[in-house]
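I've put the structures underneath this note.
Look at the two complexes coming up: chain A is in both, with chain B in one and chain C in the other.
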Partner chain A sequence: MTGTTWQRLDGPVTFALPTRALTVLVLLVATNIAVLVASFMFGSYPIDLPGVLATLVGNAPSETAETVVWNLRFPRSLAAMMTGALFALSGAVLQNITRNPLADPSLVGVSQGAGFAVVAAMIAFPDMGSVWRPALAFAGALAVAALIQWIAMQRTGGATMRFILTGIGVAAFISAGTNALLTYGDIDRALAALGWLAGSIHAARWGEVWSLAFCLALCAPILIWAARPMTALQFGPDIATGFGVAVRRNRIALITLSVALAAFAVAAVGPLGFVGLVAPHIARRIARAGVGLHLALTGATGALMVSLADLLGRTLFAPVQIPAGLMTALIGVPLFVWLILRSQARTQL
Partner chain B sequence: MTALLRSGIVGSGTVFALGALALAFGWHIAVGAKVIPLSVVIDALATPDPREFDHMVIRDLRLPRALFAVLVGGALAVAGALMQGTTRNPLAEPGLLGLLSGASFAVVMAVGVFDVANPALTPLIAAIGALGAASIVWLIATSAPGGATPLTLVLSGAAVTAFLGALISIANLLDEDSFETLRVWLTGTLAGRSTGVMLWALPWLIAGMGVALVVARQVTALSMGDETATGLGVDVTRLKALVLFSVVALTAAAVAIAGPMGFVGLIVPHAARLIFGHDYRVIVPFCAIFGATFLLVADIAARMVLSPVEVSTGIVTALLGAPFFVWLVRARL
Partner chain C sequence: MKMFVIATTLAALALPATAQDCAKDQRAFDHLGGTACIPEDPQRIVGLHDQSVTLTLVEIGAKVVGSHGRLNDAGAPYMRSVDMIFGLDFETSGIGFVGTFNAMDFEAIAALEPDLIIGRKLEMEARAQYEAIAPSVFIAQGGPDPLAFGRDIADAAGHLSVWEAMHATYQANLDRARAAFPAAQGASYAKIQMYDNKLEVYANYGGLTKVLANLGLIRIPMAEDMAARGVIWGEEISLEVLPELQADYLFDTYTIAYGDTLADPRARFEAALPSWCRVLTACAEGRYIVLPREISTGYSFRQLDMLLHLITTHVARVPAPS
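Moving on to the complex of A and B:
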């Protein structure tokens, strides 16, 4: 860890400050804000920078500008950032507990489980309010996570590899089930579900933003608590036990946390692939840090990834909007391949 | 002694497998929006009468679909068997290793973006796509530390599938009109496919199947390891090239007819190996018969389970195949 060490009282009190990681974090947050402002400017109704700033402080140049920024672009960009952070954090926690650098909520079927539960409810009870989506998504995702864990744990040895492969199989099964539901369901409801499933943020309004913010606020203190057991667990269950960490209990708690993070994000915008896989690795590349700071960096990276993906997706081929889920797949897959190529995990498998 | 016993199994197995295939074929034609009695089905196939409405339905609508199922199922199962034998990888399958998505990506690009709607070219385009995807997946997996293990192969297959899937969706969004016809095809379906496409795919299928039957003996040697095969006098490089050609041709024919149909090539070879052991001279022909039977039954399920709504056959094969994949991961790895 690169950093500066502060000494007080001639040595008895020392404090290591990871300056590089903190600088990077500040830079990431600044870039996020820059992308946020850029996302207000570009689109089918371009607004110049002074116009955006004026709209934000309350004296918009025109009524259209006010509507576009406050009712459309602001909630959408905020939703993109928050879902990005949620997916990234979910992936970071999952990679930590499974000690598997390739674990990702969308690869192993957790996101698909959440999606299946929501689609089933959308088709069976079309009048259901979107308030219930997070709970449904959480239930579906948790069921899938428990199923994968249960299957992968049946035999000892090589558990990491079986976890991923089992997850891929379960993901394929649930996707097929969701597709069957879509064919069976009424065409209008199916179309509504289909748009949501592509991982699209365009429908996000302030309602989604508030529910996402609520979920983030709910999970943040748990994440701060989780940094300690995660620090111990990254050395493996044996050493973690030696540190005095109740491995089994913490594993279950952390998996539940990871599932909850992914499920809340899925409930808001649908499954977005590869963010949870890639963001933790990017964060680790740009600055080495302890678990707590790494989580913060990961969250910021994920937020940046998805907001950039959304901005590119809606401006690149305008007026056609490419859902952010497709953009994250295009960005994420090459990085995923790079991870396969140089992953040290192979020696563990 | 074992040879005798084996030939006994093979003899009775042939009778049983062909009987099951014939039964599934007849049943497949009999079910549908209007249930036609099996006796009428046999009549229509043996002595067609153009004045009988049921006979016309069978000859023009249901018989082609049943034939598609037989061809596609047989092709995918044999392709899967060859892949599993040559790579010694229980999880090898055209779908999991990215060949199906490569082929469908190429077809989508050709039809949707470059406006090549010629059915004669479709199998060739699909073959190029399948070959490209297979090469990329193989390249990634072999360059990974540890080489082409089942895990790296499946992971790189998943990566390539995800990437091509995203590109297909984007192309779809950019030009919704020309994708209207492709959208159903992309989920793997036997419904509403034209006989013309099948006729153009047939040469590919015959070529691939012929090569598969010819090299089956040597694949048995190769399934025991490259060194063993070389010791037994097999030209390993040449054999692998032939197998690759056969797999690509079979996959391309299947995709041209029915779109990407996952997991058929995974289940059937394992079932055949369970019954008939590891001699690919026996496994390859039985995979063709079992694959055809399997896809006929899957297609019957696709039409009956949620009737009157019909689900895509590809969804049914995935629903059957994915749990089997999970079981394989648990039992074999």
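Moving on to the complex of A and C:
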């Protein structure tokens, strides 16, 4: 970790500041803001920067410009950022608890559980309002997480690897169930569900923005609290116990937190794979930091990944819209590989 | 008194829009999303589905400025059925491409500055976005009368009289066909298809099912059972039950857009089950009829009229045994 040490009173007051990580965090936040501004400017309806600024302060050049900025681009861009942050944070927490760098909400079945619950409801009860989706997604994700936890804890020892393997198995089982629903369900309902499964950031409205903001506001203090047990748990359960951390209780609490983060994001825009896996690694490779700061870096990285993916997805081939899930993979995979190769060149993984 | 005022106000807010609530040159229109104020004579309409909504709008002469479309293998957008039935494409028709299913470009729609957006129930998922751009109506599909969908679209577009005139023409043609082929009444038929060695039987196949029913033909018991179970299109069935598909007429389809030829549907059956034509008497006796899928699925009057002529011609050529 690159840092600066501040000493006062000839030593008794000493601060170690991770300057590189903080600088990177500031840069990530600034880049997120730049992407947000670009999201307001670019799209099928042309608006220049002065037009965007005039619209934001209430002097829109036209009624259409006002609709495009306030009703379409603004909520969509904010939703992309916040879901990106939620997925990334969920992945970071899961990777920390399981001490497995491949842990990800969609790898261990959490996203699939949320997706299955929503798709089942969309096919069985097509008239059910979308307001129920967050609750359903959360219930589905939580049920799957509880099932995986229960199976993984049937025997002592090696619980982490068992959690991952059980998760992969349960994820495959649930995906098969979702596919069966899509195959044998009414074709029109299945089509609607398929659209939601592909990631529906484009349909995000202010309602989704407020619910995502509420979730982030709710989870932020919990994440701050979580940094301490996560720091201990990254050394393994035995050492964490030595640090005085109640391992079992904290593991359950952190898994619930991870599930909640992913479930809220899935409920808002559908399952977006890959962000939860890649964002924590990218954050770790661009700046080494303690658990708390790493979570902040991961959140900012996830937000940037999804907002950039959404911006490119809706502008590159407009009016053809590329789903954000596909774009995150297209951007994230090469970036991830490049970072790994660069790290390998310097040192062993 | 205070409670009465509050209750009255709440009741007024809860009421759907009426003609009095709508601005000048607008009218209240009931649709799946409630009641909306729409222009009496829309001049800039966006259709949210090509082969159902846009096709109908084009047929009745409504002013369409944008439509949903699809991408062909080369990545170029097109409007399914609209291109083949009316010869219109995005380049030459003046209709703007606004995205594909479940991935509509709302900004492209806004840029067209529509005064009316028309979609189906499936498009209601993004209802808020459409309503932010222009008055939007969502029309129910799949009711007992499949033509009601087109009628409601025409009504929203302010072209109901045109639609009714076309409907009357279709009915007259139908009456003439029925009078010309009384033997078709009560004849049985099966709509079948072999694809990837899988046999599919259809309870419903859009306009084809409607025209056949209008002519008095009846589905085989297996298809009737599917319809009774609420199957919307059809089901894959085992090749072992092929004998149960005995009917006076067999209908199959080929897809021009996929490069199919008239011979391909039969060739697919031959490849999967070489003896199929001997098993099914209708095929052995020349009553296996192959029609273009693009014409068979839609409910535009042009498609229905084409189907009417195609079916009567084929049926008249090889009548079923009485």
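Basically, the second predicted complex is superposed on the first by the 312 of 349 C-alpha atoms of A that agree within 3 Å, B and C clash if a C-alpha of one lies under 4 Å from a C-alpha of the other, contacts with A are read in each partner's own complex, and residues count from 1 in each chain.
Heads up, the rule we're going with is that a residue touches a chain if its C-beta (ideal position, glycine included) is under 8 Å from a C-beta of that chain, and two chains touch if they have at least 3 such contacts.
Since we're looking at a predicted model, the values are computed, not measured.
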Residue contacts with chain A in the superposition, chain B compared against chain C: B
First, second, both or neither for A:202, with chain B first and chain C second: second
Chain B versus chain C as contact partner of A:314, first or second or both or neither: second
Which superposed partner A:134 touches (first chain B, second chain C, both, neither): neither
Which of chain B and chain C A:168 touches, first, second, both or neither: first
Partner chain in contact with A:176 - chain B first, chain C second, else both or neither: first
Partner chain(s) touched by A:105 [first = chain B, second = chain C, both, neither]: neither
Partner chain in contact with A:229 - chain B first, chain C second, else both or neither: neither
Which of chain B and chain C A:72 touches, first, second, both or neither: second
Residues of chain A that lie at the interface with chain B and also at the interface with chain C: 198, 320-323
Parts of chain A lying in touch with chain C, wherever the complex brings them together: 43-46, 64, 67-68, 71-73, 130, 186-188, 191-192, 194-196, 198, 200, 202-203, 205, 314, 318-323
In the complex with chain A, residue positions of chain B that touch it: 91, 140-141, 143-146, 149-152, 154-156, 158-160, 162-163, 165-167, 169-170, 173-174, 187, 262-263, 306, 309-312, 315, 318-319, 321-323, 325-326, 329-330, 333
Touch list for chain A against partner chain B, complex: 102, 107, 151, 154-155, 158, 161-162, 164-166, 168-170, 172-173, 175-177, 179-180, 183-184, 198, 273-274, 317, 320-323, 326, 329-330, 333-334, 336-337, 340-344, 346-347, 349
Chain A contact footprint on chain C (complex, rising order): 71, 75, 77, 97-108, 110-111, 113, 121-122, 125-126, 128-129, 132-133, 141-142, 232-233
